[in-house]
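What follows is a set of structures for review.
Note that chain A is present in both complexes that follow, paired respectively with chain B and with chain C.
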Partner chain A sequence: MESRRNPRAVVDPKVRQVGFFTSSQPDSTQQQQQQPDPIASASSPPVSTISPSGNSLSPVMIPPPRHNSSDTFPLRGAAAAAASAVSPSSFSYSSRRDFPDGSMTASPGRVSRGSFIKSYVPVASSLPGVGIDSMAAAKSSSVPATGLTTVSVVNMPPGLSEEVQSDQKNNSKSLKEKTTKAERRALQEAQRAAKAAAKAEGGGKVPPVTSGSVAGTSVKAAKTAKPTSQKNDVVVAAGPSEKKGGPSEKDRKKDAPHPRMQYDDESRVVKAKRRAVVKQTEAKNRVELFRHLPQYEHGTQLPDLETKFFQLDPMHPAVYKVGLQYLSGDISGGNARCIAMLQAFQEVVKDYSTPPEKTLNRDMTAKISSYVSFLIECRPLSVSMGNAIRFVKNRIAKLPITLSESEAKAALQSDIEMFINEKIIVADNVIVKHAVTKIRDGDVLLTYGSPTAVEMVLLRAHELRKKFRVLVVDSRPKLEGQLLLRRLIKRGINCTYTHINAISYIMHEVTKVFLGASSVLSNGTVYSRVGTACVAMVANAFRVPVLVCCEAYKFHERVQLDSICSNELGDPNAISKVRGREDINYLDGLTNNANLQFLNLMYDATPSDYISMIITDYGMVPPTSVPVIVREYQKEHVLV
Partner chain B sequence: MWRRSPSFILDRHSSSSPPMADTTRVPFQNPDSISAYYQARAAHHGVISIDWLAQAKAAVGDVSADEQLNSTVADLGTEKSFNVIEEFNNWRKQPDLAEAVAAIRALAAVIRASEATTMMELEIELKKASDTLKSWDKTSISLTAGCDLFIRYVTRTSALEYEDFNSAKSRLLERAEKFGEISCKARKIIAMLSQDFIFDGCTILVHGFSRVVLEILKTAAQNNKLFRVLCTEGRPDGTGVLLSNELSKLDIPVKLLLDSAVAYSMDEVDMVFAGADGVVESGGIINMMGTYQIALVAHSMNKPVYVAAESYKFARLYPLDQKDMAPALRPIEFGIKIPAKVEVERSARDYTPPQYLTLLFTDLGVLSPSVVSDELIQLYL
Partner chain C sequence: MPDVQSMVVEFVNKLRKRKIEGSQATAKYTVELLRSVISQHRVPHANQAAALIDAVKAVGEQLVAANPVELAVGNVVRRVLHIIREEDLSLTTAAMAGLDLLDASDDDDEDNCKGIGYPAMSAAVVAAARSTLRPPSLQTLLEGTPESATVPYTSSSGADSESKTADKSSITRKLKHDVIEGVNQLIHEIAGCHEQIAEQAIEHIHQNEVILTLGSSRTVLEFLCAAKEKKRSFRVFVAEGAPRYQGHLLAKELVARGLQTTVITDSAVFAMISRVNMVIIGAHAVMANGGVIGPVGVNMAALAAQKHAVPFVVLAGSHKLCPLYPHNPEVLLNELRSPSELLDFGEFSDCLDFGAGSGSPLLQVVNPTFDYVPPNLVSLFITDTGGHNPSYMYRLIADYYSADDLVM
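Up next is the complex of A and B:
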């Protein structure tokens, strides 16, 4: 942490301009500042490409912060593994700290949060100096020096880079010659980038790509210093042409984007699109406040992907299938998505064979990462999926080298099976066991949406002959409550159904509220389907206890204070149209109106004050104990 | 029957009446049973109530209620369980002994009397004895917690021991004996920790007769602090009178209040001290009836509420509201005869949620209420 602070301390404060402003940063200042940039930051072109667009920023847009990309380079050896182990936790709290990162300019900069999945290693090898001082914290910073997201913005002023370099010298791993070489290369890079940036936005794509591929290929030469820089130079030359030919295999592998990539940065988005398998067209008419979240035109990709089913070599058909199911909305809900993904990964492992001259650990991790990036394109990851991916990568990394391939594969498959069984299925049973003790005869239970855990609790309580009735609260546009309602009625449970706008009307009858969660964060905030927060708040006002049923594997160490910084945007057309009611579709066709933006949020964050108890497979705990469980849970992972 | 929902009339029609009658009562126990735990406390406090006497006279056995208990115990059958509960009751009668210590001593007696030859067998016996004890008195949280703790300790040590059985057994016995000392020491540690919070010239409000709180006040007096104590009368146990007796022996200025005079006097109070029958997972406490009220008043007037409890009272319960616990009923006498159809609220305890408590003084240190769950997770997982 400290090492990261140093470069930042000297940097000009980044100014978030909220409200009306007319400034635009001249390109030259940016480029000058990029000169000493040790990292091959193709940040300059993106930055400069942004600044023209920055001029056209609408007044109420909050420009996203820029990031310091220098940090977190885990040690070489386990770099890939560690990186991949940490990466899925793109929700990691530490990434938040990137914010105050100074990138000097006050221009509406962009978050260069890149994918740090593979970026650790590449940047580490290519620029050990910079990376070293922040090596201590294997944080997900915006180091993305991968082909995709290249540029972590390390636009450091000259004085700063010297400081960084002096830090490097102190570090055992830094090599003097490498520093200078890297610096030279960076200079070269920056100059090339500047030149390219001078052209136009279209031209700007090339340099970033270049540095991306630089970083990408440097993964291979992770261990050696000299060959790395040399190779980089070589690759640099070949970069542009290579990139233009379409996403290469290795780039795709290395460049899995940060699962929580900020989508405000146009160049980043463009890069992502180029290497994307799923061709999504971005929605044009978006709410400014949520610009950092991806939003696509719905319904356009499915036919396209279906035709491509047999053409995509690198993609495993099981993963492809799961991705399509996510895209079309066939599989939704944290547990279902996680299980589907894990089962697809089991198939992947089964069909896997190590290519010659590669180790199973590294290659498999790379493959998994590429599949994960595909899944992200189909639909952003849920926290449950993120944790599961982290587990899988951890397992792959821990495989002893001595195992034969078939043994390793069998071990992996059984590990995944064990995860599904222990953390989801058995956990649900334990939750049900605890929760039914809280249901008494005469209870009126309210539930919102269609949480799987709560459904199991209600069915079990009914089996135990408890006398209660259920109030199912539902909301547009998903109307998930109807599915739950159907299933409960089939079992003969006494139900009432209403929409969320009637919640304050019926809350006085309710004795307990049972909610599900997509995730529970470290400060006790429950991250769940949009509308949950409303239900919890009204319940709290009526002094009705709120019980959240959530498996422990969905807990996460990040902290979120509002529902804006991390969320998912759904299809705006779903709001504008009411299915089956043609007569009231007044908003039909207005989706592209400049004065009207539709906002279809999928998740919201419920503060811990409104939650009475969280029922997990670790028992019934108060919301304040979530970080304790996260801590114990991680220890378990480490020990196992 | 008296529900919030206007549809309770519908409910009444739809379901038959017996289930309706049960809705107000949690189907844990026979509603007319008296909580043995609170009876024992009453015995400690030397409270003789009309009901108690009547019960005694009406006892199947001879005169004393204890014998009645014994006879019901004898009905349970097996020699072992008879031993355990008998043993436990004997220990429990000692006024200075904590409940959990009594439980552990009873379990130690089981170990001593056991004829098991392997650890596993002993564990099973202990588990059975502990279950018997727990089902015997469901309302005593310290009892449950103490049994759980001891069983947990046994399982943990047995997992690590490879030595021969007899030495393991003696080690367990030794540990059980030591537990009594630990309990006493716990009180001293808590007293020591809380000294910083009592300043000269302060007014302390105390509710209930907790031995830990008494220890705190004794230590403060010995350290020559100048403070005065307001005790609530503490009906129906009359704890206020007892406490004021004890305190006046120590030359601490005491003032007795009616339970209803708490809000009236809260202005002049600097802090509230309470013991706990049990500390639950949310960080709240279960204590004598009236504690919740006092905590609410204190909270609304910004007075700190300090709870003194040993760490073995941490229990894995999580009540959502007042009625979410096993009911612990006790006889309440009003001095005059009450007509039979008048219902009396006979619950002996209430639950104080953690947001009304400021700090917990335990032998693990001075904790905030949210730490309880942390400790429990580490202990039981």
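Up next is the complex of A and C:
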């Protein structure tokens, strides 16, 4: 403490060197070398066999020359795809096997964040590069765009293909992707090309391969192959298939307003209440500014819901359990919540059977929607969950009508599995890999709250024997920092702990600030645990670089300028009562006073000018590049 | 004498153990203590002012050393010294004027006195007068040091005082009386600074205003209530001020007075500041450069206010004006409190360093009490003499303190 900060000049100038893939040249080349050869070659054929225009849909051409028609480009794009998608695998793929059906699903009770991390980090780091077959499976599924279009078009009766195309067009439109005319044309072109290619391929009977055992064939190819043989059985069931575009779109419409329902709109609130499973009681004393957000009495409805557990037949028990865990706060943190939800959905899919007179696509989407609205009642969705739900619904809607029920279910399950692995676990590993390069010996790192990604970065840096100190800044009422502190200390990392108020006091010694994010919005705003903005602001005032670690699946095309229009309100009573400090009881008995309100904001929006760099699975980018990733990523989202 | 000494010791102990907190309370105690020191101090016939100054300084040094972070103690000691100097000066100038005018009517010993002492040292008195009234100026520097100016005066008056005991004692009593009068005024001023500041509330708070405050300050409380009494309706956001939860205390009192109050967490300050019209805080101390030492977390609020162009208003009674320029105030004028306010000892006890020096501790806990806001983040000071810019603070300070006392 005596030696205050050294002259600022020491601060790593590299922080400003933001790029898309890696920090430094050697690193990226290393990645390329690390990636196993067969995979690289395996990944390219599916992409490159299809026409270049089909490739222009690839999500990985960041930054994309939009109307590039040169022949060399697609290949480069493919290579980039391979680099971005495979590189994480080089050190962590083995985890995808062990993790999901091992520790995670087996622990039905509290999926706390700590156990979550413990369960997969060691596995990931200890068994590098095993399980090439699973890697290949994941690889192929991440090869973008073309696979799915192929499937859906090929299995359609000729008359329906137009329908599908327009459906897709609608989808992309409804996702508010601002497509230019040229882009739409490119899309159509791509679909047509894909169709042609698939016809050639499908007619030429791809042998039904067991998923992913052969590196050269993709999972999708396997899926296409099977249905073609079984076409006849399914055609009957697929009778009303011309309505296929209907439900997904309607659901999306129905789905979209939910997360952003304005709770000062009384008629809608009343309507929503009638449907609600969770009978939340409204908090009495509400803050005027936040009428548009739901504020409930906390802790009152949990026992009630627990008793209902065995009576609720429309709700799947797995979803119900996750909902209750959200409600009680047992699961928190964007990733943990998202994974828990997706795993519940997997259970749902597993136990699902199509009721008579209904189609799987429509019924399942409706089911998922009802589950989602239940989850929203328990706790408002995070952006990450919203994106995941969008993905799941998309996959359901895009399920080829010709698939048998069991196949469709298997496909869905593996899709969800893939999402968890690829978008969350592998993404985290990539982020760790990038971020660790930013930690040097002698650094003093500041982090706020308990961001999972940052924790992994710190632990990894410690494993690499870097010498650094961590300042854990915490804030009331959640005091999540204490949990992080406990875990870091257990690993033997030097820590300093303080509350957010003292941030200006300790910022002198800090050399870098690492923050997590709940979501990154497309104007570069980082939407995160409340207080993050304060930390970033003070860091900015002290000229300390602020690095935000966030998986790309949490990016969202929404924009937000303040923390008030969209937020989440926590339990107001958590503020009046100070845990562990019985001497602080000034506000006892005043909680029902009409003049006194408690505001427990959960999130805030950090303006992009406080942020030096965002570390995502696509690389390290400045906040201004977020919309680019959002656009490319959404494309992938829609088309994968 | 012994009872004063014991009072001093008692007060020093209280300060040391941080039993007395809050600059107003400390200032009040200090000034009352100094008053009794002055009243019980047996002033020698000669050189009364210097003797008083020495006595006050001696006590003041002890008090300041007891809690160097509580700047109000030093401020009040300096104020009292300033009062003594001023009273002394006005007495001597009055005496001189009286001598000049009523030369003949006065009795012979005064005459005598004038004949021997005064002509020689009148220039020195004028210099001393200048130095006390108009602190550091080029002129006083050129005319010689004030210390040397006062010494000949006192020695000379001491030299010829043997024969005029009766009269001298009356002058002594007069000085002491005036000083105590002045100190009483100071006490009154410190006690009444809330009202003085609160009177201005109505000029700064308008209808439907949203005000953010943090920490618990009686000045802020009175300020807000004064506006409320004038039928202004507005809303107050109170940041809770985490490890000490002073915000809860303030919120409780605000609610008791019927103000619309919302308690927010400290982390939500940035989120809420965009909807706030004004940040009002009470200062712990105001430095000569216009910087503010306030409750921890203030700097964060000030930065956020600057980002959103929200006025950042500091309320400070004049006893909080400190004539010192800060150097690294976040560290040097800060105080670290017990980690137990942040963490339970039990859980992390094996990682914490208890000063035993057993290797390097894994865990450190930082719990500072104060925060420093640089002057460029402050929009306005409201003191009992009105509103001032941060850049004007040094001038205000020159009115209250004499330059001789800046370094105690």
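Here is the rule we go by: the second predicted complex is superposed on the first by the 381 of 640 C-alpha atoms of A that agree within 3 Å, B and C clash if a C-alpha of one lies under 4 Å from a C-alpha of the other, contacts with A are read in each partner's own complex, and residues count from 1 in each chain.
Methods note: contacts are C-beta pairs under 8 Å (C-beta built on N, C-alpha and C of every residue); 3 or more make two chains touch, one makes a residue touch a chain.
No experiment lies behind these values; they were computed from the predicted model shown.
Novice: Once both complexes are superposed via chain A, do chain B and chain C end up clashing or fitting?
Specialist: With chain A as the common anchor, chain B and chain C both fit in the superposed model.
Novice: For A:537, is the partner it touches chain B (first), chain C (second), both, or none of the two (neither)?
Specialist: A:537 contacts chain C only, not chain B.
Novice: Report the partner of chain A that touches more of its residues: chain B or chain C.
Specialist: Of chain B and chain C, the partner in contact with more residues of chain A is C.
Novice: In the overlaid three-chain picture, which partner chain does A:508 touch, first (chain B) or second (chain C), both, or neither?
Specialist: A:508 contacts both chain B and chain C.
Novice: Is A:315 touching anything from chain B or chain C once the two structures are fitted on A? First, second, both or neither.
Specialist: neither
Novice: With the two complexes superposed on chain A, say which partner A:420 touches: chain B (first), chain C (second), both, or neither.
Specialist: neither
Novice: Is A:621 touching the first partner chain B, the second partner chain C, both, or neither of them?
Specialist: After superposing on A, A:621 lies in contact with chain B but is clear of chain C.
Novice: Return first, second, both or neither, reflecting whether A:484 touches chain B, chain C, both chains, or no partner chain.
Specialist: In the superposition, A:484 touches no partner, neither chain B nor chain C.
Novice: Between chain B and chain C, whom does A:600 touch in the aligned arrangement: first, second, both, or neither?
Specialist: In the superposition, A:600 contacts chain C only.
Novice: Rounded to whole Å, what minimum CA distance do you find between chain B and chain C in the overlaid structures?
Specialist: It comes out at 7 Å between the closest C-alpha atoms.
Novice: Following superposition on chain A, which residues of chain A contact chain B and also contact chain C?
Specialist: Overlap of chain B and chain C footprints on chain A: residues 508.
Novice: Can you check the complex and tell me which residues of chain C touch chain A?
Specialist: 235, 237, 240-243, 245, 248-249, 251-252, 254-255, 258-272, 274-275, 296-297, 299-300, 303-304, 307, 328, 330-331, 334, 341-344, 347-348, 351, 360, 362-368, 371-372
Novice: Show which residues of chain A lie in contact with chain B when the two form their complex.
Specialist: Touch residues, chain A against chain B: 438, 440-442, 444, 467, 508-509, 511-512, 545, 547, 612-613, 618-622, 624-625, 628-629, 632.
Novice: Contact residues on chain B for chain A in the complex?
Specialist: Chain B residues touching chain A: 3-7, 11, 15, 19, 22-23, 26-27, 281-283, 316, 318, 320-321, 324, 354, 370, 373-374, 377-378, 380-381.
Novice: Quick check: in the complex, which residue numbers of chain A touch chain C?
Specialist: Its residues touching chain C are 4, 287-289, 474-477, 482, 485-486, 489, 492-506, 508, 529-531, 533-534, 537-538, 541, 562-564, 567, 575-576, 578, 580-581, 584, 586-587, 590, 593, 595-601, 604-605.
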